[in-house]
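As structure tokens, the structure follows; a few thoughts come after it.
Order as written gives the chain letters A, B, C, D, E and F; numbering starts at 1 within each chain.
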Amino acid sequence: MFFRQKQMAYHAKPEKPDPNFAKMLQEPLGGQWGEISVMMTYLFQGWNCRGPQKYKDMIMDIGTEEIGHVEMLATMIARLLETSPVETQEGAAQNSLVGAIMGGARVEDAIMAGMNPQHVIVAGSGSRPVDSSGNLWNAGFMTASGNLLADFRFNVTAESQGRLQVARLYNLTNDTGVRDMLSFLIARDTMHQNQWLAAIRELEEDGLEMTPCPSNFPQELEKSEVAYQFLNHSEGTESEQGRWAQGPAPDGKGTFTYIDRPPAYTEDEGNLNPVDPRTYGTPPAPVPPAAAE
Amino acid sequence: MFFRQKQMAYHAKPEKPDPNFAKMLQEPLGGQWGEISVMMTYLFQGWNCRGPQKYKDMIMDIGTEEIGHVEMLATMIARLLETSPVETQEGAAQNSLVGAIMGGARVEDAIMAGMNPQHVIVAGSGSRPVDSSGNLWNAGFMTASGNLLADFRFNVTAESQGRLQVARLYNLTNDTGVRDMLSFLIARDTMHQNQWLAAIRELEEDGLEMTPCPSNFPQELEKSEVAYQFLNHSEGTESEQGRWAQGPAPDGKGTFTYIDRPPAYTEDEGNLNPVDPRTYGTPPAPVPPAAAE
Amino acid sequence: MFFRQKQMAYHAKPEKPDPNFAKMLQEPLGGQWGEISVMMTYLFQGWNCRGPQKYKDMIMDIGTEEIGHVEMLATMIARLLETSPVETQEGAAQNSLVGAIMGGARVEDAIMAGMNPQHVIVAGSGSRPVDSSGNLWNAGFMTASGNLLADFRFNVTAESQGRLQVARLYNLTNDTGVRDMLSFLIARDTMHQNQWLAAIRELEEDGLEMTPCPSNFPQELEKSEVAYQFLNHSEGTESEQGRWAQGPAPDGKGTFTYIDRPPAYTEDEGNLNPVDPRTYGTPPAPVPPAAAE
Amino acid sequence: MFFRQKQMAYHAKPEKPDPNFAKMLQEPLGGQWGEISVMMTYLFQGWNCRGPQKYKDMIMDIGTEEIGHVEMLATMIARLLETSPVETQEGAAQNSLVGAIMGGARVEDAIMAGMNPQHVIVAGSGSRPVDSSGNLWNAGFMTASGNLLADFRFNVTAESQGRLQVARLYNLTNDTGVRDMLSFLIARDTMHQNQWLAAIRELEEDGLEMTPCPSNFPQELEKSEVAYQFLNHSEGTESEQGRWAQGPAPDGKGTFTYIDRPPAYTEDEGNLNPVDPRTYGTPPAPVPPAAAE
Amino acid sequence: MFFRQKQMAYHAKPEKPDPNFAKMLQEPLGGQWGEISVMMTYLFQGWNCRGPQKYKDMIMDIGTEEIGHVEMLATMIARLLETSPVETQEGAAQNSLVGAIMGGARVEDAIMAGMNPQHVIVAGSGSRPVDSSGNLWNAGFMTASGNLLADFRFNVTAESQGRLQVARLYNLTNDTGVRDMLSFLIARDTMHQNQWLAAIRELEEDGLEMTPCPSNFPQELEKSEVAYQFLNHSEGTESEQGRWAQGPAPDGKGTFTYIDRPPAYTEDEGNLNPVDPRTYGTPPAPVPPAAAE
Amino acid sequence: MFFRQKQMAYHAKPEKPDPNFAKMLQEPLGGQWGEISVMMTYLFQGWNCRGPQKYKDMIMDIGTEEIGHVEMLATMIARLLETSPVETQEGAAQNSLVGAIMGGARVEDAIMAGMNPQHVIVAGSGSRPVDSSGNLWNAGFMTASGNLLADFRFNVTAESQGRLQVARLYNLTNDTGVRDMLSFLIARDTMHQNQWLAAIRELEEDGLEMTPCPSNFPQELEKSEVAYQFLNHSEGTESEQGRWAQGPAPDGKGTFTYIDRPPAYTEDEGNLNPVDPRTYGTPPAPVPPAAAE
């Protein structure tokens, strides 16, 4: 059960409107690696958690925090879409919306032609659950598998991709208000990357999970001779130069070997049998017409 | 540029047809964490790579290998959908397709009512680029950011989620031919988890990237006081018991602290200004009708 | 900013596992009219609200409540997917998962062949943000326009479609634990339908919005002669028998008339001009090959 | 069965081409609340209708009318994409397409850089079944439940959101031809809002359906004590000030009460049981490796 | 502008309900190659047509006919979902829905567990704009390019894939009413394949378009040495045995040659330059931290 | 099994960066008719092929070739996104990214405001598996049915739509490097159109498949009287003027006739029976409340 405090987690006030940057800021809100994705990911991981209580509580804490991050970004975007100072100067007699978007011949207007049109037409100057290209958020952007190591690895990824995108956005604006908020999100992503890396160590120390994940699948059942081979599939062998091609594997259970020209482990060329003619697939040789009776 | 060898990477021959398991095996083929996802992920990461050559070559090697894994799964599924022994016995006079799918009152038929109908209607007993629920594969399942640490973390995740799903599927069939192929895929996932973990270490040793990712964003620009705080957002403090809440952070740059009741860092309640009445959003107080001239 | 209380809003405990009903219960969780849809709808309507404070606060209250409804359904589904009593009896020696899903010849197994395979393969016996057909939740299921009357009408709809679906599900199970939770959700939907209907009246009484929505578009600018005409587009005139075809319109601003055979209001047949041959569209007559220089 | 008359329902002729506005006008054609959505919604509601004939006929009338609205918008967009007067002046020697879209340094060209590129590349200066952001229309934008009250509420919503968007678009263009067509669509939306509101009253007067919808679910089966409670989930009580928090409910069957701090109606914290180790979810304590035999 | 006749184009009455076949019949209604796809394809091709009038009129005729095919399938599916004879016998005292879907131990019930749950929960025994796997119809299933040859080729394809699927479905049912309707659809697909093939010939005879499409791109601008080469990309040369590898090409403008081992036409290995460090992509060598000022 | 050669199939080097054209060039990479679509289409058609070996090998050859085309386009787009000459001149002190995208008042900047923001934010100056509007590639863009004639018709379509789009793009750029690569792709599309047309003839000559496809469905089972009728569904008879309305049909099995006003072949108006009241659909007359016991 959830409750709401009126103050936001942090400031979300731009110096001035900027509809083009509002479009870009949709990426960390509703994009593949945005705040809706991590909010939904952590909430579902928590609700589905069947491990120790400390993990469930920790996951729910951060999932709940992320609802507040969605709130900050949604608010910031709505403010970036508010009436601009330029329009204010022009007075009531002028049709500022037409001016702003369809423009005369002003360069400012041309830049605004690149804004997300749904910010005006659909949301009336509000934010939307979409990415910076306008793609609708969907649940294929999130993950909750029931295996905490597999999921925490996703979470480290999400905090890395997310921090990367926010850092790029920091460089695409000069607005000090926007940058202030981004510096908060970047710092929280620093924390969260560290948090999930620490949680992975905790899982290993608690003896619950390790590499190769899932560690509870009996490893003697896997095809062991290919479990530590690097298979070169290109001309040339630059790929031999990394620690993925020689020496002990990170899981401590095998040693990498480099196979320059990997063999096919089968003579099977994947040819299929002909099927029931009543499916009307193309047969290897002509057959008479047929239908089920 | 790519070339094809006729033999598959490994055997893909089931003991007998099983249309229901064919449906389930679509998950590692066309699901969020299936082979199409890793094939496309690695190919795009490789094509977009602007780092050292050894990384690009390594990424392309595994991307090319994965095309062959898609091939094996596609072939296995097509074979699981071939005419069953039961039908063979029944002879030509009987409408086996109707029998198999719409059934009389045989339990076998009822089980087949749970198969993916598109395997027959759309693909004519072939595999499809969909998951086990029938969702079409889409590019929201893959990732290529240009930052190799962020991406290698995704790759470790993909190999973990993928190995987890294949291990579950191993337990859902008794077919020795299917299990043989799965044991190969599980072993390759063991390799690939290790490979990406090794590649992450190599990146750090090469001085190219580290935690917090992206490490080249100047950390003095982030809101440093919240960069190592765990913010409790629930009643109770079970979440204090892990190493994410105290002690040194994994990046070696900070020390975790636990904030039992996190403050709002702003008085801002997120209230918005009224907007141009010509967007017809609901205003705080009645306004006269208006349209642009 | 949001906080979490550990207790759920209401009980979510089934009498016994039922993987097939777990699939169906995904509809009110992650379907078009499920709880994720209303949660996201209300949160975005609240964050984008530029009207009076009492509306914003009310919207945020119910948005926050809905997060808790998602929680209840997610938990219930996870419990419906837990080890069944049947399996428990069979003892450890038997492979219950294979038995349960791939089955021998037991009818129970056949029914389970209809379960959502991703509940096992992807989520490890957890819930997913999908509908009962397995479609991923996406933001095209929600709405926030900035106009509160347009949005409250959506909200009444969502609570109606949602209550309808839950009522149907009530009739598809005999599990008293499931029914108990559904009776709570149905009651809340009763409240929420009433709430949004009341809010619509409040909007009208506050003079902020009325029919036709948006009421602030100057009605003299619309093509007034067709603003209250019912246009019959079928043979026969059964459609004349309702109050939509005669008498005063609900907005009090016009009177319905019934047009048995509506005229075209234009001679325009929609024919287009030929375009630049360099787009290679089919022209009305042959043209010579051309490319841009 | 359907037939076509060559004349369109109304004029669809712009004064001059405008590729940027063509992009925006895709919203009422192929967006969530566009004409394709209402066309498909009404047709499916009509085909699935099991109620009185007058309703089915009325629904089919408006569904058929909407096909013509799709036609008008498709035609208008195609005309907005035709060769512009600017290009005509420049003569045949000049590569107007390159000029128009990739531009030299003219501001007009820059504005056109914001057009939907698929209008040229994919459709050859034709309209597309997409929204103003380029998202493909999908069936998640429509609704047909079999319950006419639930569906008519959706229809009122669709006509409200649609009229809102068209009114906004009216303010984003100065083209008198475009505005003329929009004034027709706005008037029809006025009619259709009134029509569905009248149909809702008719349903109630016919005794077929009322609030809470579906009214045929026996209300004694719902958890009645929460059926008329407003549950405050925020700090502060601004939400108490509306008629949703006190007085008689609109359905005439209950009285609103305001609960400042809503209780949890259960002690259940949503904790789950451990599951079969062969799903490799993270357990509460270490378990030995296991696989199905 | 469109009008509706009450009679359907053809009978759509099954002998008896069959919810499982109702699920399968969604494929030709709302699947990739279903009637909604061709309806929308032809309507948009017609509305965007800039060629001779006879083509536009012909395209619109068939587009309008297809609306009626959607109607027939929607009606058939709704009837396949009506109360079954089994239920009728059981009398009012028994809960037939629970029996039918959740079942006791009857095989009939198990088969029904494979039905599309949204047919009950969402549509109340009505059809839906989805395919047989439950995927929502989307506009990525249709095509309208402005080039009639490219589009008519799509149309031949759609009528071929569609006829193929309906022929398969014919074999999956014994219901004479269903088969009667399918025999009508199959015959119309025979007509429509022939129609589009005839239209392709007409286009060529009218001198408007031919192979290679678009024929108005000046062929001297293409890289002519590879325009008629078959490039073998596999081991072995089975692919040399067809008429695609030797002899005159169908367009009459070139002669096929077979290249056993195709060369790379460039030395370029696709390596990229390093980018601006402020995008935080991984560089070829370590660089100092940087951000935009 | 697949292997990679380092050289690309052809040059992919632009004269200079052009982020706006990079956006447009996504269409032939990740659009409905782009190279990913044909790559996936041909690979799945090959893997599912149950016909003669020469077809399977030929399909796999071209499928493998297309992986290389994806590579070329991905590389070209990444290079079009590299640091522009303008920026180079401006020196290190200036924030070129802000300048380039958010701009001051330079027209060049305004044009760049129309670029795909995900090229920077998500991919760090790399290509993406999306179309020119930013829609994610999905498997609804590809086809593999098991029937080679139906599929080869799709393939001819794909090569036609693809060549059309690339020809349009040729006219939208002046960059000689880009045009050089496009001229290669256009030539390969010429080959591939011819190849699939030749393969269709081969199929017919081999006696495996012909019109109407699938030819193995016994044609006496279709409703023969409508199998060669053109049904006029519009006012007027322009559609009578083509060879689709008279003379022999292309399949050589029938003669076209033109039906000016097609009859309904049934009296059935599509009315449905009332359903079980426990689904809460709207009934034809009031019924008492009911629920399953």
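The rule is short, and it goes like this: a contact is a pair of C-beta atoms (placed from the backbone, for glycine too) under 8 Å apart; a residue touches a chain by one contact, two chains touch by 3 or more.
Values in this document were obtained by computation on a predicted structure and should not be read as measured data.
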| item | value |
| --- | --- |
| Mutual neighbours - chains that touch subunit C and subunit E alike | A, B, D, F |
| Target subunit D, source subunit C, minimum contact steps | 1 |
| Maximum centroid distance from subunit B, chain identifier (CA atoms) | D |
| Mean-CA-position distance for subunit E and subunit D (Å) | 25 |
| Whole-Å gap between the CA centroids of subunit B and subunit E | 27 |
| Centroid distance [mean C-alpha coordinates] between subunit F and subunit C, Å | 30 |
| Residues within subunit F bordering two or more other chains | 1-9, 32-33, 47-48, 50, 53, 55-56, 60-61, 64-65, 71, 75, 78, 95, 97-98, 107, 110-111, 113-114, 120, 122, 124-126, 130, 133-136, 138, 140, 145-147, 149, 164, 167-168, 170-172, 214, 217, 219, 221, 233-234, 236, 264, 270, 272-273, 275, 278-281, 291-292 |
| Category of the chain touch graph - line, ring, star, complete, other | complete |
| Of subunit E, residues touching subunit C in the complex | 1-6, 47-53, 55-56, 95, 97-98, 101-103, 105-107, 109-111, 113-114, 116-118, 120-122, 124, 130, 133-136, 145-149, 203, 206-209, 214-219, 221 |
| Complex contacts: residues of subunit A adjacent to subunit B | 5-13, 32-33, 53-58, 60-62, 64-65, 71, 75, 78-79, 82-83, 95-98, 120, 124-126, 135, 138, 140-141, 143, 145, 147, 149-150, 153-154, 156-157, 160-161, 163-164, 167, 170, 183-184, 186-191, 193-199, 201-202, 205, 211-214, 217, 219, 221-234, 236-239, 241-245, 249-251, 254, 256, 262, 264-270, 272-273, 275-276, 278-281, 292-293 |
| Contact set on subunit D toward subunit A in their complex | 18, 20-21, 23-24, 27, 31-33, 107-108, 110-111, 113-114, 131-135, 164-165, 168-169, 171-174, 233-236, 264, 270-275, 277, 279-291 |
| List of subunit E residues in touch with subunit A within their complex | 164, 167-168, 170-172, 278-280, 291-292 |
| Subunit C contact footprint on subunit A (complex, rising order) | 1-9, 30, 40, 43-44, 47-48, 50, 60-61, 64-65, 67-68, 70-71, 74-75, 78, 122-130, 136-140, 142, 144-147 |
